[in-house]
Structure formats: structure tokens, C-alpha cells
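Okay, so chain A shows up in both of these, paired with chain B first and chain C after.
Take a look at the complex of A and B:
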């Protein structure tokens, strides 16, 4: 743990510097307002202003999850191409901790998407979404950010395997948005898919975030927040476990640099 | 080397690119899973609204725009010559780079047509869209026309990506999202202010999608073909712009010797 904290801090600082050096990595923050326009136009055109909070929350969630997954993959591939991955594995710092630091920084920055979405609603459509339960919203948002960072670590650990899995990097976002109920609550999914979605922290998180915006009292907040945190922790544990196993494997095979 | 021979070689190069991008496994279990989830994601908005007509509108828009999405990847693949180190060789070759770069990404038209068509045909019964064989075949042809004409837009973004390599994903993504927002994918173009409606008409995909919607609604062939005509007319403009931009990049890179230093 003594080595973990400095490594985590250094990884956070490095990632923030990477954003400055390569603004292209912030692409999803540039696309978030467009997603907000697209989704909000549907609810407004249909005469359903009551669904505006759904349409403005979804782009923020999609931005945060999308950035974590995409940048998790890019981090591994860029480090491998630059020969950094091999060097990193020779240091005492755990690769999983370094990645958690980098992806935590990415997730923290990606939360700017919430402000972007809100501004699109307010300035573009005259729709001002208020947060009826600010404490519930803040606590759920923190738990969601933790789950998103954990998902990023899990994805990155799979990408350590090699370039064959890179083709799947582009493919995981929309299944996650759909099963995570980013826009449409998972209760509207077919029964089988709904059951599957309940294994993802994101489906609990998006339900709770939407409820925190509505004036009605939030039911079973404690249990639902525990579900978000518990499933997020399970995702993090899976990420650390897979990372340990795969790092051992690429070390054993000698394929760290060119897997 | 004449243009036909250059195009033949370029077509072969594109074919090998396609085989490196997609294997049958990652296409079926990676890309197509994403495509189907993306189309379901947007179609489910109609379910949320409790409006079957809106659901079908969203399904057609989201499915057809998979072809647009994939042809926008032309922007990234136009720059692959740089990463493979062949850009400077192309600049030096007597055939020049404009024709090669303009044709090298043709495979996105093919794969985009297939992905979008599969999504539409597979998901139509799920979301209550009655699609007969004749209608499905017509839709596939019109999706191909949409992909073919939007290729010119992707190429235009690609020509900019060659110049501004760090922003290569930004041009294509912003253009794609602009089209998704304003070209009648999620809401009719008439929803937007007049200026934005005219702006949307500049994109071939707006006309291609409208042609698909008209055909599925049983409109007469003249109205459908008129939209296809507009798609090709606007695509010609984008192609001219892309060729000019590629030619400018070529000339400028040769003059300044900066062709391999775009990063």
C-alpha cells in the first residue's frame, strides 16, 4: 500500500498532463453536447418535457463511461507502442494501481459532461433541469464514478492481452449504454436482458440518478446505493484479478511489448 | 500507370485493409453486437415515449445511419498511409496520391451497407416495422446509395485528418454527430429552424435517409429517385471539395517537405 499511493498520485498527474499534450483524448467531451441535442430533441419534439432529465443525464453518463472504456484501451496500446508497458512492469508499482490512477483522472475530467449537458438544455432548448435531491445525486454520482473507473480498469486489463482484442474496444460502449439504462430504464428491456442488466452497477446507478432529479421521494436509497457500490467493487476486484492473471501470462510468454 | 490500373491496385489494397479490420469473429461478435445495441438503444427511445410510430421512425433512422457511421471511418483510414510509412512514397510516385487516397477506403461503403442492412432487417420485426422482401431489397439498395454518397463526406474529413493528424477522430465524429442531430435521423428535419434545415440539405445522408423513408412508406418511385439524385448531387460537391483538399495537401507537403512530420 505504501508503494500504491505514490503510484496512484503519479498516474493521476501523468494523465492530467496527457490531456494537455493531446487534446484529441478529450474527444468525448466535444461530442457530449451533440448527444444532448440529439436525445433532447427527441423528447421535446414528442411533447414530453417530463423526460428532459433523462435526455440530459444520458449524454453525461455515456461520456463518462465512453471515455473510461476508450481511454483505458488507448492507454494500454499507446504504452505498449511506446515501450512504456514493459518498463512499467519492471517497477514495484502495480500496473492495476497505475491504471486505476489514470482512469480515475479520466473519469473525474469526464464529469464535465454533466455541466455540458445541462448547458445544452438551458441555453439550447430553454430546459432547466433541477436536482430535487442534491445529496442523493452527489452520493450516487460519486459511487457511479467509482464504478466507471473500475469498469475502465477491467477493460484495460483485458486489453493487456494483445491487439486482437482491440477490435472489441469500439464494440463495448453501446452494449454498456443499453444494459446500463443510460437513457431508457432497464425495466423497459425484455425480461432476460433486464435480469442481465441488474448485474451491472450502471443500471442501479442510472435509476438512482434519475430518481434523484425527480421531486418524488427516493425509495430504498441506502440499499440501491449499496448495490451501486457493491457491484462497482466487484467490477474493481474482477479488474485487479484479471490484470494480475494476464500480466503474469504476458510476462511468462515474453509478449508484453508485442502481444 | 493509367488511372484504371491505379484503381485496381487501390481496390486490392482496400480489400486487404478490410480483412485486417474485420475477422468473421470480431465482425459478428464485436462490431455487429455494437451495431445492434446502438440501433436498439435509439429505437428504445420510442418505447420510452410509448409511441410505436416514433419507434419505427427511430429504428429506420438509426439503422440507416450505421452505414453513414461506418463510411465516416474513411476519415481515419485515409491517414493509415501515414502510419504505414507509404504516404511519402505515394507523394513521390508518378500516379500521385489524390486518386489513391480517394479510392483506398471503398471497403467502408461495402461493410457499412451490410451492417446497416442487417440491423434494419433483423430489428424490423422486433420493433413492429412490417418489411416485405421487396421493401427490404429496395432499402438495401438505397442504403448502399447513402453509404456511397456519404463516402465523399468521410473523404473530406480524411483530407483534413491528414493535415491535422491529432484531430483525426474529431473531424469525423463531430461531422457524424452533426448529421445525426440535424439530418432527420431522430426527429424530422422540419423540427429545426429554417437555417438548420437548409444546412442539413447539404449532406448526402439527409437525402439518402429520406429516400429510404419514402420507399418504406410506399411513395412513388419518382420521389424516391429525386432524393437519390440530390444525394449524388451533394456528394459530387463534397467529392470536389475532398479532391481539392487532398491535392492541396499533396502540393503543400511536397513543397515544404513535411509529409512525414504531420504528427
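Take a look at the complex of A and C:
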């Protein structure tokens, strides 16, 4: 009996239901338009309308990544506090699969942030950013969503270990935004940081997404998409591996139920 | 479903020890100490012990949530450490208390979610959830959020969750805590059904009457060690043999006369004119009651001994010898 597929589907449905039961989990979607306003105000009033696509993409990506990381931590925190984490570990389903399902649903919903940003540009600033290469954009967005969900699983595995997840959540998101090129292209970062950022799927993804918006042909799309997918898969593998190791550790320590 | 022809014991625990680290500068805590236990298929086995005795630690190890420090634990022949993945589909666990359910989901949503974690597809999960809700008497509340349930209703839903994977071994960690008498009675009938289906049930409880009514055998645990493993009829003997009588308004001279009655183990003064009479043989309470009533004492009551008192008798009678 393989529980992976039913568990993944149930976890997706669970999370979609959780949004209805607890809309507070969608709060970051409410803040995304404000971030878009700030960034667009800077680019428009500093005479750099050419940077508008950057200003619209940044809050959308930050929202998606932020929701995945924050909700990954909250999921572990809440399940542990409710005594559900222990029960989850007694089932045939892998905890990592359940979390991947839940975070995939979160990531899918978080992509609404893109529409919000675009609407802010159009309605607030009269800036309409067209997607010059829609297929490249769509394919990259899907690969990016996979990588973000994988990052959520990796983060959740760390949260299994500790009780003070919130300070870690807050600390880890900003470096992810920076090294992932969500705020500024990584080519503009100091050389050492740029090299480091290339180990993250997100840096390849944000570059591709920005290129897909510009009319110029997208260079080496296949290789770059492969980098996004490959690094996303590596992140997922790391997430599953670390989850397995840390779950074993809390079973050893007897701290599964500690809240 | 009747399960027959299973060779290995449902649960087989040998020399099981679990030590929790006390942290810097603090002593370690030995929750289980070379614990042995065997539960046969189709058996309802009671695990009796006070708080902190090691019951929940054993349940957690058997359900693969906790790793033992040493010793072995097997479920239907499979090691709970080395074969944890194969053990999980065979086992259902109901943790004590109210933890372990999603409070903001309905009863039906909870069960369907847990069904999927046991590999059931949507249709099968829906059918299984409906069947179990009916079985635990919660069909009418299937669409209500768990947070609106009474404690007893949550316990019943816990039971349904524990059975969602159709387990051959069910671990119930104090399942009747918070249940009203009617629900507790229905729960006992449910356990009887599980036994009739050939499932093994390991039931931890503080309630000796419950253990006596339900269990094929009972094990006493304290300090992480097995004190005794007995037929529950022995419990009944202990309960009647060690019956206690409480009375107030008892003159000193009358208390002294009661102390000399045959079968009276001790007469304790619990307050001005108040006594607690402990007996150590079947029927010994009757002459005590008669003497009190004839002396005009009207505030008299009898009660079975507490679990702790039975332990004291057990340890006093047999020492710490382990039986299995």
C-alpha cells in the first residue's frame, strides 16, 4: 500500500480548506500590493521606467517565497501544538510528502501575488508590463513554484527540530530574497555573493522571469530552465533527506510532541 | 473482518528500556526499564499504572514515534525500529487527551484526511470515514467542527481515527478519559467487537474496573518496570479483598474493637472521630459495617482500593518480582 499519492492529494485539499477556515494565512497576499507600490514609486519617480518589470516581479516572488517559508514553519508549529505531529508520524505516509502537498497548495495560491503586482502597476501607475515570451514565463513560473515548494519542505524539516521557529523564519527569508535575485538581479551583487546565489534555483528563475518579460530573445532558455528544475529537485531531495534525518533525531530525543 | 492464522504475537516487547536525557546537570529519567510484554492476536491486554509509570512511553515506542534506548519491540513480528514503515499500516494508536485532531476541521474532514495518510483513495476514504463515524456514534455530527465537540465526543473521534487504517493491532492510551458513563459503556462494547474481529488491543488505563471488565490479561507497570501480569479475575479478588470502610463519629474504643476483627488489616485515624478501615480478605468489610451500624454510626461508606493501594499490596505481597 503506497500512501504517497493519496497523502499528497489530501494535503493539498487540506491546505486549500485551511485557507477558507483561517484566512489569516493569506495575510502576505494583502501586503504584496504595498510592496509593489513602494518599488514602483522608486523606479517611476527616479526616471527609470525601464525597471518597472523588476519592481513588479520582486514583490510577487517575495510573496510566494515568504508564504512558503512562513507557512512551512507555522504548519509544524501548529501541528506540534495540537499534538497532530505525533499522530502524523505514526501513519504510513511520509511527513515530507504531506508537507510538500500543503506547501504546494500554499505556493499555488501565493502566485496570485503576480496578478496583484500587475494590477498595482496598471491601476496605480498606468504601467502595463507585457509578457514578451509567455511560454518561457509560464514554464519558468511552474519550475519556480516547484522550487519554492521544495524550499518550504527544506525549511519545515529544520522547524521539526526547534521550538523557536518564528525567529528562524524571519531571519531566513531576507537572505533568500537577496541571494535569489528577487530584489535585485544577482549580477548586480558583489562577486562572491553572485557565485553563492548561483547555487539557488531562485537566482536562475528570477533572471529567466525577467528576461521573459523583455522583447529581446531569451538566451539559453533550455539550459537555464534545466538549472531551475535541477536545483529545485536538489532542494527537494535535500528537504526529504534532512526531514528524514531530523525526524529520526526527534524520535531519538523524544521531542516530537514538544510544543 | 476476522483475522486468523497469525503466528507471531501481536506485540512482543523484550528488555525494552527508554532513558530520557535530563539535560545539563540533571539526572536522566528511566521511563522504561527492561520491560517485557507479550500480547497475542485477538487479546485485549490492559496496562495499568499511575501517572509517570511508563505506559505512554511504551505506546509511543510501539507506534514508532519514539526510539527505545535498548531492548526490542515487535508488532506482528516486525521490529518497530528496523521495520517502522511496515509496522505503521498494521497499527492504530489513540493517544490520550484531546490532542491529535484538527480542531477547525469537521469530524468527517479529519477522518478523510487521516484515511488518505493510510493510502485510501478519496472514495474509499469517504466510505471508511462514514462507516467509522457511524460506529462511534458521531454520524449526526460528521459535518461539525471538532472544536465544538465535548471531550467525550473527541475521544470517540480519536478512536475512529485510530481505526481508520483498519489496524490489526490497536493501542489505546487512556481512551475513556473524559467519557460519560454511557459513552464509556459503548466504548467497552466497541472493544469487545474489536476482539471478536481478531484484533489485538493494548489498553492503558487508570481504571481497574474498566480493565477487569475488558481485558483478557492485565499488566501492572510502575517506574518503567513490569510488576505483575495477571488474569483480570485476580484484579477482582484484589478489589474485593482490599475493600475499605470509611466512617465518622467513631469513638476510640469502637475503633480499637474494629481493629481486632478478623480480616481487618489496619484502622487509620483520618480525623477527629474519623477512621479508614483497610481489609485484607474477602467479606471482611461486612462485620466492620455491622459493628459500626450496631454502635449507632450512620456516616459509613465503603470503597474499593485505589490503584496505588493495590500496587502497595502487590509489591508488599510479592516484592518486585517480574512475571510475564
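Here is the rule we use: the second predicted complex is superposed on the first by the 254 of 259 C-alpha atoms of A that agree within 3 Å, B and C clash if a C-alpha of one lies under 4 Å from a C-alpha of the other, contacts with A are read in each partner's own complex, and residues count from 1 in each chain.
Heads up, the rule we're going with is that contacts are C-beta pairs under 8 Å (C-beta built on N, C-alpha and C of every residue); 3 or more make two chains touch, one makes a residue touch a chain.
Keep in mind that what you see is a predicted model, and the values were worked out from it rather than measured.
K.L.:
Answer with clash or fit: chain B and chain C placed together on chain A by superposition.
P.N.:
fit
K.L.:
Mind working out whether A:22 is in touch with chain B, chain C, both or neither, as first, second, both or neither?
P.N.:
The answer is both, since A:22 touches chain B and chain C.
K.L.:
Report for A:42: first if it touches chain B alone, second if chain C alone, otherwise both or neither.
P.N.:
After superposing on A, A:42 lies in contact with chain B but is clear of chain C.
K.L.:
Of the two partner chains, chain B (first) and chain C (second), which one does A:31 touch, if any: first, second, both, or neither?
P.N.:
So A:31 only meets chain B here.
K.L.:
May I ask you to decide whether A:215 touches chain B, chain C, both, or neither, giving the answer as first, second, both or neither?
P.N.:
Touch partners of A:215: none, neither chain B nor chain C.
K.L.:
Once both structures are overlaid, what angle do chain B and chain C make about chain A, taking C-alpha centres and a multiple of 10 degrees?
P.N.:
Roughly 90 degrees separate the directions to chain B and chain C.
K.L.:
In the overlaid three-chain picture, which partner chain does A:168 touch, first (chain B) or second (chain C), both, or neither?
P.N.:
first
K.L.:
Is A:84 in contact with chain B, with chain C, with both, or with neither (first, second, both, neither)?
P.N.:
Only chain C; A:84 stays clear of chain B.
K.L.:
Upon superposition of the two complexes, what minimum C-alpha distance (Å) separates chain B from chain C?
P.N.:
12
K.L.:
Would you please give the residues of chain A that touch chain B in one complex and also touch chain C in the other complex?
P.N.:
Comparing the two interfaces on chain A, one with chain B and one with chain C, the shared residues are 22.
K.L.:
Report the residues of chain A in contact with chain C in the complex, numbered from low to high.
P.N.:
Of all residues in chain A, those touching chain C are 1-3, 6-7, 9-11, 13-14, 17-18, 21-22, 82-84, 86-93, 98, 248, 251-254, 256-257.
K.L.:
So in the complex, which bits of chain A are touching chain B?
P.N.:
It comes out as residues 22-24, 27, 30-31, 34-35, 37-39, 41-43, 45-46, 48, 51, 54, 164, 167-168, 170-175, 177-178, 182-185, 188-189.
K.L.:
Hey, which residues of chain C end up touching chain A in the complex?
P.N.:
18, 20-21, 60, 63-67, 85, 88-89, 91, 93, 95, 97-105, 109, 112-122, 125, 161, 165
K.L.:
Which of the residues in chain B come into contact with chain A in the complex?
P.N.:
21-23, 26, 30-31, 33-34, 37-38, 40-41, 44-45, 47-49, 51, 54, 58, 166-170, 173-174, 177-178, 180-181, 185-188, 191
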